[in-house]
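Take a look at the structures below.
Two complexes follow with chain A in common, the first pairing it with chain B and the second with chain C.
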Partner chain A sequence: MTTIAELPPGFADKVLSAQSTFRSVMDAMARPGSVQRIVPGAGAPEPMMRGTAAIALTLFDHDTPLWLDARMAESTDVVKWLKFHTGAPVVQDSSIASFALIGDGAVLPALERFALGTSEYPDRSTTLILQVESLDSGRFFELRGPGIDGAAMLQASIKPFDLFERLHLNEALFPRGIDVVLVADDAVVAIPRTTRIVSKGS
Partner chain B sequence: MKLSIIIDNFDAASSVRGSVDRVTQHNNQQAQRKAAMAVLAHAEAGEIAARLRDFTLPDHQDLRAPESGLVMLRGRVGGDGAPFNLGEATVSRAAVRLASGEVGFGYTLGRDGEKARLIALCDALVQSRDFGGAVERDVIAPLREQLMVRREQAAAETAATKVDFYTMVRGEG
Partner chain C sequence: MNAPAYNFAYLDEQTKRMIRRAILKAIAIPGYQVPFASREMPMPYGWGTGGVQVTAAILGPQDVLKVIDQGSDDTTNAISIRKFFAKTAGVATTTATEEATVIQTRHRIPEATLNENQVLVYQVPIPEPLRFLEPRETETRRMHALAEYGLMHVKLYEDIARFGHIATAYAYPVKVNARYVMDPSPTPKFDNPKMDNCPALQLFGAGREKRIYAIPPYTQVVSLDFEDHPFEPYRFNAPCALCAAENSYLDEIVTDDKGGRMFVCSDTDYCEGRQAAGHHGSLSAAPYKEKAQEASNG
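Entry: the complex of A and B
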């Protein structure tokens, strides 16, 4: 049985660590496709990566309903850790979640099942935080859109393999849509809803 | 930040399985921690720190670094005792874990984060088998005595100003 005694600690310096993590995520959102580093300042319960843990501590609170995929939810460590450090309510209904933590992208549910926002409040959509294998090897993707001068190249090994095909739904939905944050250990790449992707193969 | 919503509520009972002995032991420890908390919350941060200085403290880390927030103070009002929000109070809290695994929590009124951390540290030490007795003897007991002296003094000063009112009985009798 896991007790609280085994939980990894939160940020040693809350303010500075949260600020620096926020900065990394903001830069990633502003420059889609660019790889930003998060300075890991906190422990992380398995199977959560260091970057994911830092993002959780920075962005989650009791006002942000949270959806966990099966991989994350099966770990009582993760659920307890999130409850202790962030207080974010974990919900079963993905369509009301502010954030979704995806540990195993291979079984990512259809994107329509997450909150897509409303035309009046497009910001009320789910931000997917997707843990991926690597953000510096694998297939190449060409990204275009606001925040990118011309085209940006992203190399990543991502599950689900058809993630970017699925994200085409953002084109029809705009201004509604899903924002995605890809995390591999301490590296972060954001794919906001405005970014258009052309896969280039390996 | 509103602390009231995320006050730690770890189900104490869940860690107790089986024997009544363990339940009793658990309840005793809860009572002891509660008593220690009642003393520590009223002590000054400096006093606690001074008493802890003589200890060779075991390795420990901040599970939750000290932070301040608000809690809603609730009372009851009216004949039916309906809940009534009196107002919000500033509270600091911290959680400390010893290398041996004990986790202590500290909550205190005000913005003194260091005091919350010291309380959490004491709370963890009280639960530890190796340090529990010593902390109780050298930190909590003297502080409790000081607190009692202060309270008695205040009570005595107040008692000195006591005025007895009496009413002369009117009419017959």
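Entry: the complex of A and C
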């Protein structure tokens, strides 16, 4: 049993760490496929990565229902840490979540189970924060879309392996859809709903 | 030293989180207006409260801020906002476009080409391009949902029927990423082509109307038009009277009560840069002549 005092700390400097983390995430979202670095300013409870923890402290609060996958939810430290540092309510129903924290991508639920927004309010969708193995080695993905000058090459080891195939639903649903933030330790890559995968190699 | 009376960049952290989440959604859905819980700011609506909130949410201590009002760094609104952030965030400020990392603007895009490390923040009075055609929010929201933009084309057609050309000169509607019709804020339509495929991120904040929207870098932005009446940027047919620029956006300045007038660059930083580089217009001020003489003597 961990007490609050034993939990990993939040940001030492709440204001400036949140600002620099946000700029990294904003740049990632504005330039899909580009790898942005988060300067880790906080502790992270297992199995949460440093980047994920910083994003949580930057974007989550009482207004953002969270959905945790089994890997995250089974860690009482994660649940306690999120509750203590962000106050965000953890919900069981993924379709009403503002953010979903995915610790084990291999068992990512069908994307239709998350909020996809409505045609009138496409912004009312779930943003997936998906922890992956690596964002600098593995398969190559060629990405196109707003924010990308021509094409962007992303090299990443991602589970689920068919993530980009699944994200084809964004093409059919746009402007509804799912935005994904990939995190590997302190590296982040965002795949907003406008990004299309053109080809991939190994 | 006294304890600071305000949080860094004025806004409290919960407000920043809310605005930051809206900005991320706005970038993910280019041209879509994301509702946000706009706060009261220490300035009246109409003075850039939306732009100020967006700037406050993204600004960090390492940023260099430039604020322009109709292209000018030296007007009341621009100076006040620059001082506001110098005071509340302690950021460096500049008037040089190339040095800035965040540029807040009221209705002009700088003449200098923007780069990937810059963010352009627009102050927006009326974010809804369809508002004057359809006053009901429920209806305009549905029109956006269905991408039903015929009404906007009818409006532009009525311009042609009445005046022989599209008479809309500012807030000229654009379509972003082939989906959402967006109000580029009341920029002169001269600036519309600069939004297309721009390397910098463009963020729009409307404080009173409580909307944030965005154009990601390298995104297609098309000004609406017709095959037989293509979009044409408008510019006074004259060189700048101070720097002789032939391709910048010009302000018309009345100089007397006998019909006298001069045309000068609206972008003061661009104009001053050109004058310092030795370009002279028909009404150039004296100091730069002296500089040129010094250069020739030495």
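Basically, the second predicted complex is superposed on the first by the 201 of 202 C-alpha atoms of A that agree within 3 Å, B and C clash if a C-alpha of one lies under 4 Å from a C-alpha of the other, contacts with A are read in each partner's own complex, and residues count from 1 in each chain.
Throughout what follows, a contact is a pair of C-beta atoms (placed from the backbone, for glycine too) under 8 Å apart; a residue touches a chain by one contact, two chains touch by 3 or more.
For clarity, every value in this text was computed on a predicted model and none was experimentally measured.
Of the two partner chains placed by superposition, chain B and chain C are both touched by A:61. When the two structures are aligned on the shared chain, A:175 is found in touch with chain C, with no touch to chain B. Once the two complexes are laid over each other on the shared chain, residue contacts for A:14 go to chain B and to chain C alike. In the superposition on chain A, contact of A:84 is made with chain B only, not with chain C.
Contacts of A:119 after superposition on the shared chain: chain C is touched, whereas chain B is not.
A count of residues in chain A touched by chain B and by chain C gives the higher number to C. When the two complexes are superposed on chain A, the residues of chain A that touch both chain B and chain C are 14, 61. Interface of chain C with chain A (complex): residues 7-8, 13-14, 16-18, 20-30, 32, 34-35, 57-61, 116, 141-142, 144-146, 177, 179-180, 199, 201, 215-220. For chain A in complex with chain B, the residues that touch the partner chain are 1, 3-7, 9-14, 61-62, 83-85, 87.
Remark: chain B residues 1-2, 5-6, 8, 10, 15, 61-65, 67, 97, 101-103 touch chain A in the complex.
Chain A meets chain C in the complex at residues 14-16, 18-20, 22-23, 25-26, 29-31, 58-61, 63-64, 98, 118-123, 125, 127, 146-150, 174-175, 179, 192-194.
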